[in-house]
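What follows is chain A paired twice: with chain B in the first complex and chain C in the second.
Let's look at the complex of A and B:
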């Protein structure tokens, strides 16, 4: 673990430890009351889920077309982050929806496309785990396709009416609600950066050991 | 360009000739798709009558299942005979090989649809002759989208371990938009008061998806299939 990673982890841990008090200090939303507070974890994880998916897609494209082997380490790391933050999003979402809409799940564009994107990254990890040789390129193709797919899924489901609040509410939030949100987002972002760079480092070391074994066998 | 089309055409010819010697993929896939439809019938028919508005969904699900089977079998044959490696070693454009495999797959799936659609019309009382051209357009556009992704992934999986289970795992999440649009467009044509504008929108969107998928597949086929 590098110095930066240690610092990021410590900071994220400390921030997440005080987050409950900060969220407790935020005012109640007028119609939803207490359940709305899950928003402070739901939205940061949803954003990081998308960021992770984007990083995985861009890194895969660089791996495939730029022939940069190191891009693959970042792609794997980002894909794992996408699955982790995706599951947080997909668990906190229905918990909130049950209270706010009276339903655990609705087939709205945002929910459906998040679910499918999450499934794509789970499939990616399954492929990387069980695909054997050559699965790095296959996975890169898959991450690329998965990312291009998201807007299509979004449009194809969007014809149904949506219940999910638009992201445009974020800048209009009052300061007392906005401040805890940005606080949580920063904490999640630090955690995300630390975990992703550690995972990419692990992938790099694995590749190096592999290369060492190969050169040993040849010698 | 002439060279490109010639290579693609040769690959199609090769695939069709191999298939015409045994009809292995056509016959097994066809029988499989019929059994899928029958299983749906056993699950959905109550008191001798099918449930309402299920025909479109069953048609597309049966198509997705049989398509996966056909893709898997076609490329398994290439793998066993080591012919895919031979194809890749040939001094031909990789994208042309892809287009040839895709076209062969399309011929196969259209044959299966030609049996599947009347069967669904018969068993689930779907008005398949009400808008024959729109229905054919939706099916063709959907099949192109499904096979474009399917051919790419099946070709890539040839060298992978546990490819039988990985193909549907990768393929189904990828083809979600094709399935949604195909089912909705077909359901719009089949329902009691048909919604032609919706069907037309779905068709246009499917064509758009096809263009993007085929372009992206042509673009990725080369680096992915190179060692």
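Let's look at the complex of A and C:
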């Protein structure tokens, strides 16, 4: 683990530890009350879920068309981030919805496409784990498919009728609600950067181990 | 005999199944009766949901950091072992 990663992890951990007190100080939302406070962890994880899918898709494109092996390490790392932050988004969302909408889940465009994106990256990781030789290129194709899904998910709440809040909610937040949100987003972002670079380093190390095993077998 | 049994069964299900289902519809509500409080099974306090959400986030993140740390130390051990064998 590098010094930068250690610093990022420590800072993110400290910020997430004090986050509940900062969120507690934020005002209640007029119609949803206390349950709306799930938003301060739900939205940062949802953004990072989409950012991870974007990084995985772009890195996979570089791996497929630019023949850059290091891009594959970042693609694997970002895919794992998409699964981790995706499950947080997909679990915290229904917990909020149960109180706000009276339903755990609705099959609308935002929720359904988010679930599909998460399943794409679960399938990607399973393929990379059990797919054998050639799974790196097949996986890269899947990540590109996931990348295409990202803009669709982002605009879905503005285009189709849904119970989910629109993207215009964030820029119109009052300072008392916006400050805790940006605080949590910064903490999640630091954690995301640290974990993704650590995971990419692990992928690089595993490739080196594989190359050493191969050279040992050939000798 | 068995050759014709399956098609006959399928035909029977398709022809009479839906009619049987439609024959006894659920009684529809003809009035709404207000009560002061929701039935116990319907009440989920917001604090439980908020607690579950924050708890889940912590469990997932700490769990992931732990598994990543384990995998990283395993890779370091493997690499050290291979380099030791080569030298």
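Keep this in mind: the second predicted complex is superposed on the first by the 207 of 219 C-alpha atoms of A that agree within 3 Å, B and C clash if a C-alpha of one lies under 4 Å from a C-alpha of the other, contacts with A are read in each partner's own complex, and residues count from 1 in each chain.
The working rule: a residue touches a chain if its C-beta (ideal position, glycine included) is under 8 Å from a C-beta of that chain, and two chains touch if they have at least 3 such contacts.
Note that the coordinates shown come from a computational prediction; the quantities given were computed from them, not determined experimentally.
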(request) Considering only touches as defined above, state whether A:103 meets chain B (first), chain C (second), both or neither. (result) neither
(message) With both complexes superposed on chain A, which partner does A:153 reach: first (chain B), second (chain C), both or neither?
(response) first
(request) Answer with first, second, both or neither: which of chain B and chain C does A:20 touch in the superposed model? (result) second
(request) Would you check which partner chain A:138 touches, where first means chain B only, second means chain C only, and both and neither mean what they say? (result) first
(request) Examine A:87 and indicate which partner it touches, taking first as chain B and second as chain C; both and neither are also allowed. (result) second
(message) Tell me the contact category for A:216 with respect to chain B and chain C: first, second, both or neither.
(response) second
(request) Considering only touches as defined above, state whether A:68 meets chain B (first), chain C (second), both or neither. (result) neither
(message) With both complexes overlaid on chain A, does A:123 touch chain B (first), chain C (second), both or neither?
(response) first
(message) Going by the contact definition given at the top, which residues of chain A touch chain B in one complex and chain C in the other?
(response) none
(request) Would you tell me which residues of chain A are touching chain C in their complex? (result) 1, 9, 16, 20, 33-35, 37-38, 41-42, 45, 84, 87-88, 91-92, 95-96, 98-99, 191, 195, 198-199, 201-202, 205-206, 208-209, 212-213, 216
(message) Could you list, by residue number, the parts of chain B that touch chain A in their complex?
(response) 149, 152-153, 156-157, 159-162, 166, 169-170, 173-174, 176-177, 180-181, 184, 205, 209, 212-213, 216, 220, 223-224
(request) State the interface residues of chain C toward chain A in the complex, per the touch definition above. (result) 44, 46-47, 49-50, 52-54, 56-58, 60-61, 64-65, 68, 71-72, 75-76, 78-79, 82-83, 85-86
(request) Spell out the part of chain A that touches chain B in their complex, as residue ranges. (result) 64-65, 67, 116, 119-120, 123, 126-127, 130-135, 137-138, 140-142, 144-146, 148-149, 152-153, 155-157, 159
